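Going by the order they are written in, the chains are A, B, C, D, E and F; count residues from 1 in each one.
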Amino acid sequence: MSALLPPNPITATVPFDQDGIHHGFLRLPYSCDSSAWGSIMIPITVVRNGIGMTALLTGGNHGDEYEGPIALQGLAHDLDPASIEGRVIIVPFMNTPAFHAARRTSPLDGGNLNRSFPGKPDGTPTQKIADYFTRTLLPMSDYVLDFHSGGKTLDFVPFAAAHLLDDGNQQEACIAAMHAFNAPYAMTLREIDAVGMYDTTAEEAGKIFVSTELGGGGTATARSAGYAKKGARNFLRYAGILTDAAPVLEPSIEIDTTRGDCYHLAEYGGLVECLVDLGDAVKTGEPLARIWPSDRSGTAPRIVTARSGGILAARHFPGLIAPGDCLAVVAEVVSGG
Amino acid sequence: MSALLPPNPITATVPFDQDGIHHGFLRLPYSCDSSAWGSIMIPITVVRNGIGMTALLTGGNHGDEYEGPIALQGLAHDLDPASIEGRVIIVPFMNTPAFHAARRTSPLDGGNLNRSFPGKPDGTPTQKIADYFTRTLLPMSDYVLDFHSGGKTLDFVPFAAAHLLDDGNQQEACIAAMHAFNAPYAMTLREIDAVGMYDTTAEEAGKIFVSTELGGGGTATARSAGYAKKGARNFLRYAGILTDAAPVLEPSIEIDTTRGDCYHLAEYGGLVECLVDLGDAVKTGEPLARIWPSDRSGTAPRIVTARSGGILAARHFPGLIAPGDCLAVVAEVVSGG
Amino acid sequence: MSALLPPNPITATVPFDQDGIHHGFLRLPYSCDSSAWGSIMIPITVVRNGIGMTALLTGGNHGDEYEGPIALQGLAHDLDPASIEGRVIIVPFMNTPAFHAARRTSPLDGGNLNRSFPGKPDGTPTQKIADYFTRTLLPMSDYVLDFHSGGKTLDFVPFAAAHLLDDGNQQEACIAAMHAFNAPYAMTLREIDAVGMYDTTAEEAGKIFVSTELGGGGTATARSAGYAKKGARNFLRYAGILTDAAPVLEPSIEIDTTRGDCYHLAEYGGLVECLVDLGDAVKTGEPLARIWPSDRSGTAPRIVTARSGGILAARHFPGLIAPGDCLAVVAEVVSGG
Amino acid sequence: MSALLPPNPITATVPFDQDGIHHGFLRLPYSCDSSAWGSIMIPITVVRNGIGMTALLTGGNHGDEYEGPIALQGLAHDLDPASIEGRVIIVPFMNTPAFHAARRTSPLDGGNLNRSFPGKPDGTPTQKIADYFTRTLLPMSDYVLDFHSGGKTLDFVPFAAAHLLDDGNQQEACIAAMHAFNAPYAMTLREIDAVGMYDTTAEEAGKIFVSTELGGGGTATARSAGYAKKGARNFLRYAGILTDAAPVLEPSIEIDTTRGDCYHLAEYGGLVECLVDLGDAVKTGEPLARIWPSDRSGTAPRIVTARSGGILAARHFPGLIAPGDCLAVVAEVVSGG
Amino acid sequence: MSALLPPNPITATVPFDQDGIHHGFLRLPYSCDSSAWGSIMIPITVVRNGIGMTALLTGGNHGDEYEGPIALQGLAHDLDPASIEGRVIIVPFMNTPAFHAARRTSPLDGGNLNRSFPGKPDGTPTQKIADYFTRTLLPMSDYVLDFHSGGKTLDFVPFAAAHLLDDGNQQEACIAAMHAFNAPYAMTLREIDAVGMYDTTAEEAGKIFVSTELGGGGTATARSAGYAKKGARNFLRYAGILTDAAPVLEPSIEIDTTRGDCYHLAEYGGLVECLVDLGDAVKTGEPLARIWPSDRSGTAPRIVTARSGGILAARHFPGLIAPGDCLAVVAEVVSGG
Amino acid sequence: MSALLPPNPITATVPFDQDGIHHGFLRLPYSCDSSAWGSIMIPITVVRNGIGMTALLTGGNHGDEYEGPIALQGLAHDLDPASIEGRVIIVPFMNTPAFHAARRTSPLDGGNLNRSFPGKPDGTPTQKIADYFTRTLLPMSDYVLDFHSGGKTLDFVPFAAAHLLDDGNQQEACIAAMHAFNAPYAMTLREIDAVGMYDTTAEEAGKIFVSTELGGGGTATARSAGYAKKGARNFLRYAGILTDAAPVLEPSIEIDTTRGDCYHLAEYGGLVECLVDLGDAVKTGEPLARIWPSDRSGTAPRIVTARSGGILAARHFPGLIAPGDCLAVVAEVVSGG
C-alpha cells in the first residue's frame, strides 16, 4: 500500500550515511499566511561510525514534555562519533511547532503527533511528520527510544515502558531494553486511547521500542532530566552502539497498570485537593482526592476513592479539573517496591 | 483622601456581624458583552462567635496558585463557629475571574491583583476588588494571611514570609505570626517589583500580615496543601481566634534573599536544563542551569552560574525560558538548615 | 462496509438493558492541550421498563438551541419508569462541547454535528459522536425525535417536521408522529444543504423520525419550551411507550416550503429592518425587509420583496446581515391557517 | 474644569449651522496596527431649518441594540428639512466600532460607551467619543433621545424611561417627553450600575432626556422597530421641531422598578427554563425560572421565585446563565395595566 | 472517477450561455456559527458574444495578492460584449473569504486554495471552491489566466509564467500565451511545493494556462497593476476573443529558476538586511542579505551568499524572517536582460 | 512635577559613563501570565570615547518599521569607539515587544509608543518605556535621531523631517541636522494626530531632533536601508561625534505638507487601485486612485482626485482600504524637484 502513497515532502539537510557528526534539519515546506514559501525546520543530528545498529532517539513528540529534549540536546552536542559503533539519529523535538509553542499539540493544525501515525504525506503538517518517521526514519532504525513525560496536565512517577506484543522475541527485547534504560520504575503500559501512536507503528515495524514517562507538569527537574540522560546512554549501550561501558543499573520498581480499575476519572469539575502524592502507597477504598466546587464556598467536596491498591503512579497536574479528566492512576507493584 | 473616593460597587450577600457561619458572595456588577447586567461573584465565608479579633484569610490573589484555595475551601466548610472566639473572614479566590481562568491575572482586564492595590472603586474589575479589600475588609481585620505559591511559571521551597517594617512592634508580631504558621522554610522576602501589592496595603494599615509561597507550577500536592492547611489553623491559633490548641510546630529553616545577587535572570531564551533542584545546596560559581538554543541541535548551551551560595529557593518552572525571566533564586540559610 | 470500520471509542457509563432510570455519560476520550488524558462527557439518561419500543430523544444537536435541552432535562429528571413500557434514551446535549460553548458548532473542531453524519469513529470528536449515534444508538431505537430551533442566527414559527421519503409506510408513520407531537405548525421541510444530516441517517435506517424548529435566537421562552415539553410526551404516547394518556392535541397549521421561491437570501449586507414578523401573512411582491448600509447615513436601503405569498415562517435573527445569509422563508399555508 | 481639558480630536465633516440636510461623519483619528493613519468614521446627519430647538437623537450607544439604528437610519434618509423648525442631529451608531462588531462594547478598547461618560479627550476611542458628546453635541442640544434595547443578553417589554431628577421642572419635562414618545410601557428606571452613563451627563447638563428599552436579544422585529419609528417622530413633535402633527398616542402601561426586590439574580449557572414570559403577570413567591445543571442529566434544578409581584419586565436572554447574571426584573404596574 | 463524486453545492446566479454581460455570484451554502443558513458569495462576471473560445480569468486565488483583482474588477466593469467574440468568465476573488480577510488562506478552514485542487465537493469550503473550478468552470474554458503576486510575505520581479508540460503542443501554446501577456519578465517556473495547484489541474485538463507573479507585499502599485491590466487584454487578444487589436508588446526579459540552487532559504531567524534589490544583478558568492539576531545588539549577523548568479527575482518581504523561510530566489537570465 | 513621580522601574545593564562599547539591556520587570517574575529586555548599546556631545539613536518606536533597526544593529556592531568623540546611545528597538511581534503597537498593552509620551513610570509597559526615555535617556542627550518608516499600512518617499518650533535657534539646528542626514527628500511634517509623540517630548527638552520616514509596507529594501545607514553616520558627523569625515551629501528634494488639503482620506472601503505611484507628479483634480467595492463585480468604483498638486509623498499600502484611512498625501515641492 505504501507504494501508492505520494513521496513525503520532507528533505533532510544532513547525510545519513556519512561517518562523523552532522547537525541539520528535516525541512518540511509549509505555505501559510506568515510565509508563503516557508518551511518547518525540525532539528536533527546524525552521529555515525562505521557499520552497525541504528538507534533512533526522539523527544518532543508532545511539545510540552522536556526530559527527552534536554537529554537529547545534550547528547547531540556531546556524543563523540569515535565512542560509538553504528549510528545514532537524534530528533530532540519531533513535533517542532508544538515544542516551540510549548503545547502538547501542533499550533498549525491541532495535531497530536502521537495520535497521527502512520501519517499521511499529503495531510496536515503533523501527519506529514508522522509519515516521514514511518516511511523514512523507522526503516533505517533497529532500536527506537521515544521520550515522554506527563506534559502540562499530567504527572508521573518516572518510568520506562514496554508494551505487550504478539512477537515474543520482540517483546522480550523491548523489555530488556526497558530494563537497560533503568528508570526508577518500569511499567507495562496500556494506553487509554491507542489509535495512531508512534509506539504501535514502530513496534509493528519490528523495532526494539522503549517509551518513557519521566515526570510532568510542563517542566523538568535536575532529577527527572537525570533519568533521561542516564537512560539514553544506557539504551545505546544495550543496543551495542555506545561501547564505553555496560548500562549503569540501579534498583527499579516494576509496576503494572493493565487492570481496568487503575484509572480514576473525575465525574465532577472543580478544585483538586490531592490526598496522596506520586509514589505513595494506596489502599483500595482510600480517598485519593477531594474535588471542591469552585463557584462558592461552604459546599461539601466530592471524594474520589481508590478502586484498587498499589501506588499512585500518575495524577492530574493542574489545580482545576474538568469532568472526564483522568484524576489518578493507581499502579500495582509487581516487584521491587 | 479616601473620603473623596466614590463608594465601592461591591456588595456582600453575607452579614459580617452575626454569629454563626455564613457562606455567600461579594457581588461586583460587571456589564460586558456576555452579560449586560452581569456580576462577578466572589465566594466568601464569614465565621463569627462573639467579640474578638478578626482574621482575614485569602487565597487566589493570583488565580493559578492552589494551596491557599484548597486550605480555605476546607476551612470554610469545616470550621465550627463554636471552636473560635472572634471572627474569621475567608475569601478563597480573591481574584475569582483569574481563578476560574486558571491564570495569574484577570481575563477581564489583564489585571494582576497583587499589583493593583490600593485599588480604585471606579477602575477595572481588578482595581475594584483591590479597593474593596483596602477600604472594607482590611479595616475590619486584625490578622491577615494571604496565600501564594509560584503559579504556573515559578516553583518555590515552601515558606511563610514576613516583610521588614518601619514599626518594630508590628514587624515583631508579623514575624511571630510567620513562625506560628510554621512552614518548612521561613523567609524575609524582598519583592522584585513591590508597587501595588496587597502586602504593603495591609501592612501600612497596621495589620499583622503573613504571606506565603508554598509550591508552584500551577498545581498543589498533598504535601504542599498540607502546609497550607496546618498553617491556616496555626495562624488562627496564634491570633487567639482558634482556641483548640497552641500552634503545632515543627522544625523550620530560616532563609534570606535580601542580597541583590540572589536573583538570577536569563539573558538568553531556550530550553532550560536545571542542574540543581529546589532545596539543594548551592555554592558560589556552581552551574545552576544550562539554557539550550531550541532552534537547532549541536549548539553549545549557555550556562548560568550561582553568584552567591545557599540553597535553591525558587526556580523558573516551564521547560522553555525567555530572556528576562527569573531563572533561579539562591537563598542564604540563616538558621535551621 | 460498517464491518470494516474501527470500533467507536465512546463508552457509556449507564446500562441500556436494565429496568429503572439511569443517569450517566457517554464518555469520549479526547487528548488535548488542556487535558492529555481527558474525555468529553455527554450526559445521557436511560429509562426502561420491560420489553417494548425504544425512543431516542435528543437536543443540543446544535449547541445554541434550547427548547430541546430544557424539555429533555425535565423529562430525564421527572420520567417515572413505572409510567412507561419499553425504553427511552435521552441525550439532552448531543454535541456537548458545542452546547457548553453556546455555539452551533463544536469549539473543538468546528464541526456542525448535523452535517457530520454518518460520522467517522477515527475522525474528529464531532464525527465520533455522529458515528456513535449511527452505529450504536440508532440501531437500538424505533422512534427518534431530534429537537432543533433556529439558534442564534435564525428564528422560526414553532413547527414539527417530517421529510418526504421513498418508503411510503415509513413516511406515513413519520407524518403521524409529527402530528402527534402537535406543535402550532407542521411543516414538510426541504433542507437548503442536506448532506450529512442526522435526519437522513435515521430515516435511512428505517426509523420513525421527527424533527422540530421551535423558536430561535439563542434563547427559549416559557411558551416555546412549553411546545417542546408537550411534544416530547406526545411523541412517547404516540410510540406507545408513555402509557398515561393519548397525545394531547390542539389545532395546528400545516405549512409547506418545498417551492424553490420560499427562500429569500440577502445579496447586500447591512442593518436589517424587518417589515413583517413571524407568522404574519405575506403577499407576493410585498416588501419583507429593508437592508440599510451601515457605513454611513442618508443612503437609500435595499428592499427585499416576497417572491411568493404565505406566512413568514423563518427569518434572519441578528440585527446585521451579510451577503448570502437567508433573510426570510415564506411558507405556503396548506391547511389550518 | 473643562477649560483645562485638551481639545477633542474628533472633527465633523458636516456643518451644524446650515439649513438643509447634510450627511457625513464624525471623524476620530485612530492610529493602530491595521491603519497607521486611520480614523473611526461615525455617521451623522444634521437636518436644519431656521432657528429653533435642537434635538439630538442617538442609537448604537451599545452596539448590539437595533431598534434605534433602524429608526434613525430611516429618519436620516426620510426627514424633509421643510417639515421641521430648528435642528435635528442624528447619530444612528454612537459607538460605531461596537456597532460594526455587533457587540455591546467597543472591540478597540473594550469600552462600554454608556459607562464612559463624561469621557476623556485623550483617553481611549470610546472615551473620546463620550467626550465629544459631552463637550460638543450636548451643548448644542435641547432635547436628547437615546435609544436602547436589551442587546444580545437581555430582553425587555418595550418602554420609554425617564429618571428621577433633583430639578422638578426638568423632571416634569422629561416625563412629558417620555409620555410623548408613547412606547407600550413607560418606566421610571433605576440603574443597577449608574456610573458613567450618558443619561446622567445629559441630565446634569439640563437637557430634556428620554431613554428607551424597546426589545432585546440582538435583533429587532417589525413591531419593536415600529415603536422606535413612531417614538422618534413623536419626540420631535413634543419638542416642537417636527410640526406636521401632534404626537400620535396609544394606551401605555406605567411600570416601576425602584423597589430593591425587583431584580432577581442567578446564584447558580446552568440552562435557563423560563416559566413566565415578558409581560406576564407574576405573583410574589411564584416560580420565575428553573436553572438546570448542564454538566449532567437527572439532577434537580434550582428554582428562582419572585420576591415581589407585578409583570415580568426584563429577562436574561441567552439559554445559558452564569452566577451573578440578572435573570429577571419584575416591575410593579403603576397604572394602565 | 468523477462520476462517483457528489454534485458540487455551488450554484451560479448568472447564466453562462446568454449573450451580454451578467454580474452575479457563485453561491456556496455555508452553515456556521455566525449564520446557520449562510452562504459564501463569490462575485462572478460572464461576458458573452456568440460562439467562440472561452477564457477564464481569475484573481484572488490567494487572498492577499491584488494586481489580479484590480485588473479583473476593471475588466468586469468595462468590457463591452460587442468588443468580443466568444466568452469571458471573470472571477476576481476566487477564494473570496481569504480575499475579504486579506489573507493568503481562508479564515474559514485555513485552506490554501492553490494547494486544494482538484478539490472535494463534500470537503471544506476551500475544497468545494476548488472542485467547482475543476468540474464546472474549467470544462467550459479554453484559455485560463490565473493572477498571482507575492502576497504579504514575498515580492517578485513582475513576470508571467508557463510550466513545462508533457504535451509539446500544449506547452507551446502556453508559452505563446505567456509571451502575449507580455509582462516585463517571463519565467519558466518550478514550484517548491506543487501538490494541489490550480495550474496542474488546468494543464492536465488540456487548457492553455498562464500564471503570473506581478509584485507582492500585500499591495499593488499603479505600475504593477498596469502590467495586469495590459496583460489581461493581451491574453484575450491572443485567444482571439478580444478582437480590437493585436497584443500590445514591449521588451521582456526571459528568466529561469529551474536550477536547484536558485532558492536561498534562511536557516536563522532575525532581522533581514537586504543587500541587493529585486532585478539587481547578482554574482555567485555575493552576499544577498544579512540576518541580524533581534534579541540583543552587538552580535554579528549571519550572511547569506548567492549560490548562483543572475538577477534577484524574488525575496522575502517582511522585515523579520524565520528559519525555513525562502529569503531569495536568484534567476538566471536566459535572454533579453 | 517630575519630582513627584515614582522612580522608573527600568534598569540598564550597561554603564553610560565608561569609555568603550557596551552591549546590554534596558530591563523592565513585567509580571504576567507567561512569567510571574519576567522582564522585558530592550537591547541597548552605549559607545563612548571621552567627553563630548551625546547622540541618542532609536529605531523600532513602531515595531513594524525596519530601516532604523537595520542601520542601528549595524552601527552597534561596527562603530569603533576610537572613531568618535563623546557618546552614542543606540536603542535599535525602542518598543521591543512591538518589534518582536512585528506590530506597530505593543502586544502587551496595545500601546502606540509614539502616542504614549511623556509616559508614566507606574503605567503600562509602553508608558514605562516612554517615561524612561523622557526622564533618563533624553536628559543625557544632545542630539536625537528617531527612525520611522510607514510600517505595514503606509508607504513614503524617503525623507528626513524637522518640525516647526517656537525656538528659532533650535529649529535652525534641527533643520541643519535634517539636511545633514541627507535623505532623498526633506520634509516639514505636520502630524495628523500629534498628542503623545516622542518628537514633541524631545523638542520640548531642547534637543536637536530629527525624524524620518524612509519607506514602508513592513519591509526594507537595500536602497531604503541604505538611506538609513548613510543618514545615521551623517547625523553623527553633524553632531561632531563621528569625526571621520564631513557628512556625505547628495541632492535632496524639499517638500512640504503643511497645507490642509495634502491629506486624502478614503470615505469608502474596498479594493484600492492606485493610479499614481510614490514620487510621481500630481496635478490638482487628477485621479489618485479608484476604490472598487469588493463584495461584487460590475459596480462602478469611487474615484479619489487630488485636491492639490505636487508629488505623491505617501500612500495607503495594503490592497484593501477602510473608510477613514489615509489614502494619499500629496506634497508640495519646495525646491530641488
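In this text, a residue touches a chain if its C-beta (ideal position, glycine included) is under 8 Å from a C-beta of that chain, and two chains touch if they have at least 3 such contacts.
All figures in this text were calculated on a predicted structure; none of them were measured in a lab.
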Chain labels contacting chain A and also chain C: D, E
Shortest walk length in steps over touching chains, chain D through to chain E: 2
Rigid-body rotation angle, chain D and chain B, from Cα fit (steps of 5°): 120
Classification of the chain A:chain D interface as same or different, half of numbers criterion: same
Between chain E and chain A, distance of the C-alpha-averaged centres to the nearest whole Å: 43
Whole-Å gap separating chain B and chain C, where each centre is the average of the chain's CA atoms: 49
Touching two or more other chains - residues of chain C: 25, 41, 64, 152, 267, 295-296, 323
Pairwise chain contacts, counting only pairs that touch as defined: A-B, A-C, A-D, A-E, B-D, B-E, B-F, C-D, C-E, C-F, D-F, E-F
Interface residues, chain A side, partner chain E - complex: 6, 9, 25, 27, 29-41, 109, 122
Residues on chain F engaged by chain C in the complex (per definition of touch): 267-269, 295-296, 323
Contacting residues of chain F [partner chain E, same complex]: 21, 23, 25, 41, 43-45, 64-66, 69-70, 72-74, 76-77, 90, 92-93, 99-100, 102, 152, 155, 217-223, 225, 271-277, 280, 292, 294-301, 317-320
Residues of chain F touching chain D in the complex: 62, 64, 103-105, 110, 112, 115, 150-154, 192-193, 195-196, 265, 267, 316, 322-326
